[in-house]
Structures are given as structure tokens and as C-alpha cells.
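Presented below are the structures under discussion, each in the form of C-alpha cells.
One chain, chain A, appears in both complexes that follow, with chain B as partner in the first and chain C in the second.
On to the complex of A and B.
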């Protein structure tokens, strides 16, 4: 089991990106903080994949006679107001906490990178139009838009995921466009153009590998952002369906019994923070390690 | 930075603001056609569907007119702050909003000030103690705070101050200015934590960038007091990225307020938004959405003006785009 924990790779492996950077940067060892972050993410991944096997109890089994039990005995973290095992629900909740952000980070990376490459490489009117749209989206408070649309269309987890993809695309677009803009005047691009390589091929096969470090690092930051956004929506009752084991929903369900069994509320909260912090730190670390430009921007 | 230049810049931005508001109002109005089912179904909510009620709603919302006529009527009423009646309570939307606005405004302003003071202060201290223990501590804490959504920090604060330390009330609104201040302290802190960490990061980077400049060494060499060098010379130039962030911070505060009001059961606009979203109360959603959109657009304009004041190097023509 320990082997799986350490060996399980993060969703987007940094190896293809590392190739583009100088050897000195590659040699630097990650600090212990980053190692801890990778371990936390790996544990969450294990919870997502093997959740039903590891969970000591059925996360949805109710037992009103044993409601709001203190931690200890058969229930490591106690039970909630319906007598469901908090520890098992935490493990089961990793699924909604991980898969949604994975889809969001992945899909917005795909679309955002294409748009960013297009804007950065083509420039001119394409760039103006895309960046105007990005600027507009940038000032939109995403969560509020999702709340209003959920209120109109009826809400739900996958609606929130879909809307978050749309709202996350501008982040990728802006970062990749800035990086592509820097690559566009380089000799290798001009050489490819002189050889008659079609524009889309130059963008995807020649420029993208050189901007991929920033793109991959940004995907990690987006993952962390959408994890907290999705948990927030579930907390407000506009995300996952009632009854689903989900970290955000567990927080709001347990809030009124906070003083009876605080662990039932604080544990999912701590897991949200731990996972999001790990993803943010890994993203920052990748950006610093793989890109020659500073991480402060 | 002539007076005419300013007038031209602000005039252009005001025009853009009006255009943007018209576009947003159109989208917000269209919501009632996006909703599944007919408009009548949406407006009825859980009320019984009687012919009289249907007739009344059709007249009230001019449902027999064309889409554009309906939009025009809705928009002209919206300009006069009339968004119709709430489906849940049948009270005018504007009444409900204005009852809850003071709490949210108080919370928002309180949190914004806290964010700015703690963020800029923390960033400044971290930059001055660069690579020391205090700097590392501040950076690490802000990294965690950045990944902590406002509702999680809110719950932790409720637990901490409800069980461990009885220093601040943990839920509901207060009465009077000081009652509000006490009751809104924890929500404001929860709100400020996320935005603050952003500011700490950027202020620290900006101040560190400025501290290495020759003109600061020269100012110190001239024998100016450290406080003067720091606050007048260093912070002045570090201010520009901070001001740029302030618009983003505002949207953090507004989004966070929705979560925090729900966490601390504060009767504010955010709670109203969530309640009306859960109950599919469309007129209420439209009213709140227009209000929040207006606040954000106006605040962004103010942030841009502050940016221009902070950085005289920016040419009006370029900055006004």
C-alpha cells in the first residue's frame, strides 16, 4: 500500500515539460514541503480510485441510534447527525472533490492553450478579440455567475463543472498567450514558417512544447481554484445532490452540530485546505522549476 | 494629466460602463427564457396555477408582447429600481434588497479594509525581513490562506471562538454600530484571509523589487529616516501593482461574502442570492445580479482611476483602452 501511495503520479506528469528546460534546473531536488504535497495528493488519488475498498464502513449507511457519536471505537472520526460514519464519508467524498477539478483543469487547459497559442502566434485582430474577451471574463466573479445560472437552470454538480470550465479558460488563455508571444519571433518559428509548415502545426508541435511548462503549472493552480469553488457550491447546496458524500456538503450538513462533534466538520474542511494548498504549491513549484521567468507574476 | 485628458478618459469609461450594463441587463433579462418550462411556470413557483393568477402574471410581465418589448419594459423599470415582486415572499424585490444591503455593505467595507491593511502590512513586513523566519512564516501562512475558501476559514473561526475563546459573537447580525462591528468581525476576518494572501504575495514582490533600486540606497545615504524611505519612497512605487490588484480583491470579497453570510447566518445580499437561487426566485435573482454587476463595474472604474493617479507614467490614451 505504501508503495502505491508514493508511486502514484499526479494527474499531469511534469516529465515532458522538464525536457524543455536547462539541465541545472532539472537537477534541483524538491524541498520536503513539495514532497509532502505530492504525498497528500497521492493519498487523495488513492482515496478516489480505491475509495470503496478502503472505507471501513458504508459511507451512506444511516444509524439514527448512534447519531453524533464522538470519535473513537468503530467510528474513527465519529458519526454525523444521521449516524453515518464520518471517516468513510471523507474517503468517499474524495471522488467529487477530485474528478470535477480534474475535468475542469484538463478541459480548460485544452481550450485555453489553443486559444492562447492562436492569440499569441497570430497576433493582430485575433489577438485583440481574444484578449478583450479574456479581460471581460477576468472581472467576472465566477461563483456568482454559477449561482445565478444554477438558480435558473436548476443547479447540479456537472452544470457547475461545465460553467467552471468556461470560466477557467481565460486563465489558461492569458498565461499561454503571454508565453507564446515570447516564442513567436524566435528563429525556430521563422525557420518552420520558411519551410512551409502550416500555422496550426507550428503552434501545436513547435511552440506548445516550449510553453508547456507554464501551461502545466497553471493547470495545477486551476485545479486548486476549482476544487475550492466546487466545494463552496456544494456547501451552499447548489453543487452535489443532497446526501452525496462530499467535503463541501459535509461542512454545511455538520455546521449546526459543530459544537457536538466538531471533527465531523473540521476534518472535511481541513482536507479541502490540504488538497488545495498542495495543488497550489506543486503548481508554484513547477512554474519556478520549469520556467525561467519568475513565479510572482 | 490635463483636466481635459481626465474628462475625456472618464467620459469614455462612463460610456463603456453604460454599454456594459445594457449588455448585462439583456443577459439577466434573458434568464427567464433560459429557465426550463414556460415563463409562467417559473413565475408561479409553487403557487397554485389558477386562470386568474396566470392572467395577472401575463399582464404584469407583459408576456403577450414581443421579446424586445418585454425587455424594454423590464429595462425601463429596472432603471427605476423596480424588478417586480419576489416569488417566495411576494414583496417587491427592491424592498428585500434594501433591507439586506446595509449588513452586506458593512461586511464588505470592513472586510475590504481588513484585507488591504493586513495584506499590504504583511507584505511590507515580509519584504523587510526577507529570507528570515518572519518572512517565511508570513509567506507560508498566506500560501495556506490562499487555498482556504472563506467558508472553511469561517467554520474554523466559529469553532475556535465558539468553543475555545469567547471573544467575538459567532453568528447573526448585531444591533447598532458597535454591535455590528463585533458581530461582523469574524465574518470579515474569514473574508479577508483569502484576498489578503494575494496582496501579501504581490506587495512582497513589489517592495522587494523596489528595495534594490539605486534611488532607495541614495535616499538612505542622504540620511532620510528609515520610516520616510520606506513609506514615502518605497511604498509609492510598490503601490502600482497593489492598486492593480484592488479590483480583483473586490471581486474576491463579493464572492466570499456569499459564502461567509451563509456560514455565519448573516441576513445579507449573499444569503438572499443563495436562497433565491435554491428557490428559483427569478425576479429576485435578476435584481441581485444587476446590483452586484453594477457594484463590480463601478468599482473597477474606480480602481482604474486610482491606477492612473498612482502611476503618472501611464499615458491617458493607452490606459483608457
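On to the complex of A and C.
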């Protein structure tokens, strides 16, 4: 009998904890809405990567003789006022629509998460300084700052991207700090501290995986937000250089000929809405999936 | 004999699931008469709470019950929600475990009670209001709250024990004939537990109510109940009058449960634990549910679930057993002598601990103070505490919640810094770890480690077991080779298979997680291990496994323990030297056996007295005390 005293159950017997997992923790198949979102994002990504190959025509080739053509024939979605093929420009415009938000979401996630983890885990003076900076940034009207700065410095796509990175960081910081604050007093963090795990490693390796669901969802939210923000800036003429194929710019260029070829305006508008919404929904779905992965009970 | 008040027949509770239905309770029958107390005893996952919820019609959505619950000539399971309202509260009252969440936090206590009172007086008039308030105050007095001002307080302004009293008053407001108490004292301190149980017992006897007490604690059941139903994996395995069950359990499970419980009055050599943990009812359907964990399991046990039969009325009656004892064990005639022998053997006293203390103190704490500031409020958690832990010594630290025992552990582990006083660990002054040099801090990390109370949150849910242990190994020796081999060794040393390295904590049971937490602490090869209530979140049978494991590790590695607990019977088993803490001070200390045999401090005496005992005077003893305390 002594050999059974210390031994745990045989591994074959599933433990009650595994059995009693809540329904939310079960791996659920994504709903059709999420599948559609993934398809939309995949199409946009293909347009970004292979844009020049799959575009039926040169997006910048002008043909004044065939300006404002109706959809059909060689021009599936018609042409704009300079006779450029709208469909090809849509494909080429995916690049600025996707890469900028990707940079903004990625860079602000990196910096914001580090700042948030630092503030939430260390607390005290570090937390005070970081959070007062965040409050300061939040009190600044973001769009106004971009308009003033890029107006002064002459505008440009990458300037707008850079400004949006700085303006987005506080969002990530705040969200991750709140989540890290909740994790920091948990026994697993304290156990790591008593083992002597270095602080940076506790933040990055122990706490971050547990706050990653909100961090990732927030990054997707930021992607969607900056996609519309960048399109808006291009629409106002503060984004990409004139002539560049870009969904926001196409909106403003096609506006005066709205009733001649409405597709030239509606198509980029629809793409902006669809891509932003899809990224948002995928972010929510990922958050749910990631948080079920570590369900404790 | 009078007719049963409540009669449950073949109750079955199941949960809808993607694979059909999961059984939660497979077959439970019980009867309750007026003035009788029955206890439903079982570990977590045994289905005891689901049984209570089924009887009160409070099953969560997706969970259904079948069978029969007869009360007042009706089958309660067929009632509609509207009809239930006439039963719940009026006929069947319910007390739940957690007094912190059970009361509506935005209502005053008087309102909580008067809202459950039968409608009396003219509603909405001043006279009606005054009448209801007077009644609420009278009800509070009945549960031992003499101060009428409590009726105007909010639940959060009261202590846990007071809240439980208010909850009892609310449950009794409509004078139910049956009271169901689901772990009513589990969340409370030992002495408060005694008060609350005594109160429930007194009210029950005064009103002649039937009481169903649901508990995991056999000692509580023996002290309170006339008849006990032992539930395991959704099935009843044994039912018997409380006294007879305590004298001789007639099922291997109840037998094992009794042996796992550390005895309150003497130290045993080795606790007899039941291996493994409670399985899901569906996993053991078609066989004796306990067979996989039973030391006497035979081929016959696997063929169909044995029925619960009255041992005196069986074809071959068991000698010396009165009618009314039911057991679901097939092999009882063969194994009865073995069971008795094992109990005798386990009851033998262990060799007493060496009376002296080891020469070299590893941890020395003198006049330690810790004050927490919250805004303008200050809380003194430690008020001049002096404690010593010798090399390889097992030191117990006993106290109720708020006594400062956990704060002391956290200061020692470097998770908090002391406000004043000296802490010396292995010759290093460690009152504030933040001021230590890196070299010293590393040395202390390798000297002192801590095991936390809650095994569910002390492991990172996102890391595999292998990653968690591997990290600890790498900290001790950054150049460690064959980390996976060392992880397997560590797992083996705490009785887990090496394959667990690939699992995540969510797939482990509470006991298994606590084993991993111990392995992680051992990975840095500490010389002293602080155990902060390491078994209080675990089931009794699993608790014995962990206590045995800790004893085996100590014998094996010669490390010392600072064992923090509220449970005096555990401290008797595991420690050589004992400190008793109360309100941030050490009120008594000395060799464990001496302190427990002849306590000097009144607080220690009270603590010892609050350990549940089956004798009638245990509950009676608390009455006088609690009346006095409530009045003050």
C-alpha cells in the first residue's frame, strides 16, 4: 500500500478538470460570418502581394478619349475622369490601404504592449509617468494634430503613418496595462518572482500570453481604425501623393463624377468598409479563441 | 415513525452536451423526516450540490432532473416555475456556501429579511413598515444578532459569520419546514463555523424542521447529522446513522474518506490516502464507481453497478449490523476484517517528534511589523512577530483569516517588505528584498520557496507543465543540460507521469496542479519551503495525498517547512514546532504536541475547541460563547 500513497492517478484516467471544462472553452468552428471575413481579407492580401501581376491594365495609364466610361467591356468597373481603369486602380490601391494600417497596428502594438506591461507590472512611479503621458495623448484631438503637422510638413503617406503610430500607442498601452494589472497579483506571477525570474521575462513570457487575447483584438481594432483614418487623410489630400492609386484618393477623385460613373466611388468605398469590418470581426473572434486556450477551470 | 417530509426516489441529474448527455447524479434516494438532520457527504464532483439544486428546483439551464422528489404529496420535479414560488422559501429554505455573494449588496440587511417575510400589516403604510422592521429585528435576534442596528447595515459592512447569520435569517423568514444547507460553514473560520453550525442546529431543533446538510467534511457531518448519505461520482455508496458510520464504515470509499481525514487528537505515522480523484459518473457507469480507486477491487466489481442494499436484510445478512445500514459494496463480507485491521493500524500513534529544536536557525524573524496603508486607513497585519525556523525543521503556523500568517509568508518570500523589525534568512538580512544585492537575492531565492493555496491560479495557464518546470531548472542552473530529463525526474518525484510535461494546467485536477507547484518550488532545490494553506483548496482524499507527499519529500531531501494553515489537525500531522497567530501577534508557541495537548493561551484553547467533534457538547459549547459575542 505504501507505493500508492504518494503516487498520483494513472495518466489514462482523464482528470475531472479536463472533463468539466466550460462550454466556451470547447473549440468551436468559426461561423460563416468569420469565414466570409477571412475570404475578404485574403482577397485584399492577394491584391497587395500580386497587385501588379493580376491587374488587367496599367492602373496609371491615362486615356482621355475613354474617360468616364461605363462599366463593361475592357473596363469592368469603367474608367475615371482621366480614363484610368477603375478595377486596376482598386487592385493597386490595396497596397496603401493595407500596408499602412499593418505598420500602424504592428508598431503601436509592439511599443504599446511593452509600455502597458511595464506600467501594469511595475506600478508606482513608472505607472504614473506612463499613464499621465497616455492621458495627455488622449486629450489631444488626433485628426487635428495630423492635419496641422502634415499641413506644415507638406503631407505624405509615411508621415501620416508615423503620426498615426504615435497617436495609436496610447490605446494599446491603456488596454494592456489594465489587463496586466489584473494578472500581476496572481499567484503564478508571484511564484515566478519567488523563483527569481527576471522582471522583463515575467512581463513578456508570463504575463503577455495571458493578456494577448485583448492585445491582439486591440491590434485588429487599430488596424481597422487606421485603415479608415488613412483613407480619410488621402481623401482630404493629406495622405498619398496625387495620382497614386489609393482607395481614399479614389473616393475624392470620383466624387465630382458621382452620377456619371458611380461605381468609381462606390467600389473603393465598399472595399474600405468591408476590409475594416472584416478585420474587426476577425479580431473579436481571435480574442475569444485565444482566451479559451488558457481557460484555467 | 412519522411520515417522511421529503422523499427523494431515484433522482437523476444530467447535462445536455454535444455528445448526448453527461450524467451528474446517477441515482440518489433519500428520506427526511421532521426534526431530522441528514447529511450528504461527498468530494467535489460527487454531485452533492446538484442534488440540492434539483430538490429546490434551481438547476441551471441545460441541466435536467428525472426521478421523484416527493414533498407534501407532490412530485416537485414536475412543478412549473410559478408553482415553485409557493414552495421555495415557504416550504423549503436554502442556505448557500458563500455568504459574500449570497446577499444582495445594495440592500440593507433588514430589507433582505423583511422582503422574504410573509406579507403582514398594511403594505405601504408607516404602521406596516414599522411592523415589518420590528419583525426583521426579531428574526435577527433569533439568529444571534442582538444589535438592531445591523438591520440598517449593508452586507459588506458585516463579517463573514454575521453575513451567514443574516442569510440564515432570510432563509427562515417564511418558516420553511425543510432547510437545505449547502456547505454553510465552509467559507468561514473554524470558530465561526462552530457558531454557525450550532445556530443552525438550535433553530432546527426549536422549530422541528427537517435539515439537509451538504458538506465535504465528515467531521462536520458527524457532529450535526442523524443520518449520513455518502455520495461519490453521482451515486450513493453508503447510508447509515452517523454514529454507526463513524464507528465502522461499511464501504471502502467511506472507509478511505475517514482515514484520509487527519485525526484531530493524535499524530499518525502515515495518512492513508485514496489514490486518484473523483471520476465523472459516465466514466464509471456500468461498474462500481469506486472500483478504479479501490484497493479491494475485484473482477466482480466491474460487472454492473452494485445496488445499494440494506445489510441486515440482505440474503446473507452481515453479522452485528442493525437494519438501516445500506452499502453498495459487493465484497463486504470478504473485506470487512481487512477494513477493520487497516483502521486499527492507521490509528496507531506515530513516534513523537523530537522535543528539542535543531541548533541552527535558518530563518530568524524578530519583532517584525507590517503595516498596510490604504488611503488614510492603516491596517497592522503583523504586530511584532518573532519566529524561527531551523534547518530541516517543520514549523507550523496556525491562525484564522486576518491573523497575518499569509503576510508573514509573503515577507519571508520577498513578496512584501517589512515595515520594521529584523528578518534574517541564512545569515542574510532580508527585511526588504529590494535593498539586497543581486548575489544575495539569488542566494535567498535558492534557499526559500513558496507553495500557494490556490492550485488553479499558481500555474501560468498559458504554459505547459514542462515549460514551467524547465524555466525553474534554468534559473537554478542556466547551463543545465537535458532539461527534459530533469523535468521528468521532478514530475516523478511528486508522483506524476513524465508525459504530463506536455500538458497545460487546465487539463489537470487540483491535486495534480498542486503537485506541479511543489515540483516547481523544488526545482531550485530550496532548503526551506513555505506552504501557504497548500491543501485547503483540495478534497479530503487528495489532501491526504499531498500531505503524504510533503512528508516524503522532507524525509527524502531534509528540507524544512513553514507550514501555514487554519487546520489544527493538519498541523499536528506535519509540524514539529508550532506558532499560533492571532491579530498579527504570536500568542503561543512551542513543540506541536505540547501546545496541542496543553494549550496555555485562551485563543489556542478556543481554536482547539472549534475542531468539529461528534460529541453533543461540541455544538452546545459554542452556544454560550456565541450568545455572549453577539450581544457585545
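Convention: the second predicted complex is superposed on the first by the 262 of 297 C-alpha atoms of A that agree within 3 Å, B and C clash if a C-alpha of one lies under 4 Å from a C-alpha of the other, contacts with A are read in each partner's own complex, and residues count from 1 in each chain.
Everything that follows uses one rule, which is that contacts are C-beta pairs under 8 Å (C-beta built on N, C-alpha and C of every residue); 3 or more make two chains touch, one makes a residue touch a chain.
All figures in this text were calculated on a predicted structure; none of them were measured in a lab.
A.B. asks: After the superposition on A, what does A:276 contact: first (chain B), second (chain C), both or neither?
C.D. replies: Only chain B; A:276 stays clear of chain C.
A.B. asks: On the A-aligned overlay, A:266 touches which partner chain: chain B = first, chain C = second, or both, or neither?
C.D. replies: So A:266 only meets chain B here.
A.B. asks: Which partner does A:187 reach: the first (chain B), the second (chain C), both, or neither?
C.D. replies: So A:187 only meets chain C here.
A.B. asks: A:81 contacts which: chain B (first), chain C (second), both, neither?
C.D. replies: neither
A.B. asks: Given the touch rule stated above, what does A:197 touch, chain B (first), chain C (second), both, or neither?
C.D. replies: In the superposition, A:197 touches chain C alone.
A.B. asks: Check whether A:63 is in contact with chain B, with chain C, with both or with neither, and answer first, second, both or neither.
C.D. replies: A:63: touches no partner chain.
A.B. asks: On chain A, which stretch or stretches are contacted by chain B in one complex as well as by chain C in the other?
C.D. replies: In chain A, positions 296 sit in both the chain B and chain C interfaces.
A.B. asks: Per the contact definition, I'd like the list of chain A residues that touch chain B in the complex.
C.D. replies: 139-144, 147-155, 224, 228-229, 231-232, 235-238, 248, 251-252, 255, 258-259, 262, 265-266, 269, 272-273, 276-277, 279-281, 296
A.B. asks: In the complex formed with chain A, which residues of chain C make contact?
C.D. replies: Residue positions touching the partner: 18, 44-45, 270, 272-273, 275-280, 283, 292-293, 295, 413-415, 441-442, 445-446, 448-450, 452-454, 456-463, 471-472, 475, 494-497, 499-500, 504-513, 515, 517, 520-521, 523-524, 545, 548-549, 552.
A.B. asks: Could you please specify the touching residues of chain B with respect to chain A in the complex?
C.D. replies: By the definition above, chain B touches chain A via 28, 31-32, 34-36, 143-144, 146-152, 155-156, 158-159, 162-163, 201-202, 205, 247, 251, 254-255, 258-259, 262-263, 273-274, 276-278, 280-282, 285, 288-289, 292, 296, 300.
A.B. asks: Could you please specify the touching residues of chain A with respect to chain C in the complex?
C.D. replies: Interface residues on chain A, with respect to chain C: 1-2, 4-11, 13-21, 25-26, 186-188, 190-197, 205-206, 209-210, 212, 293-297.
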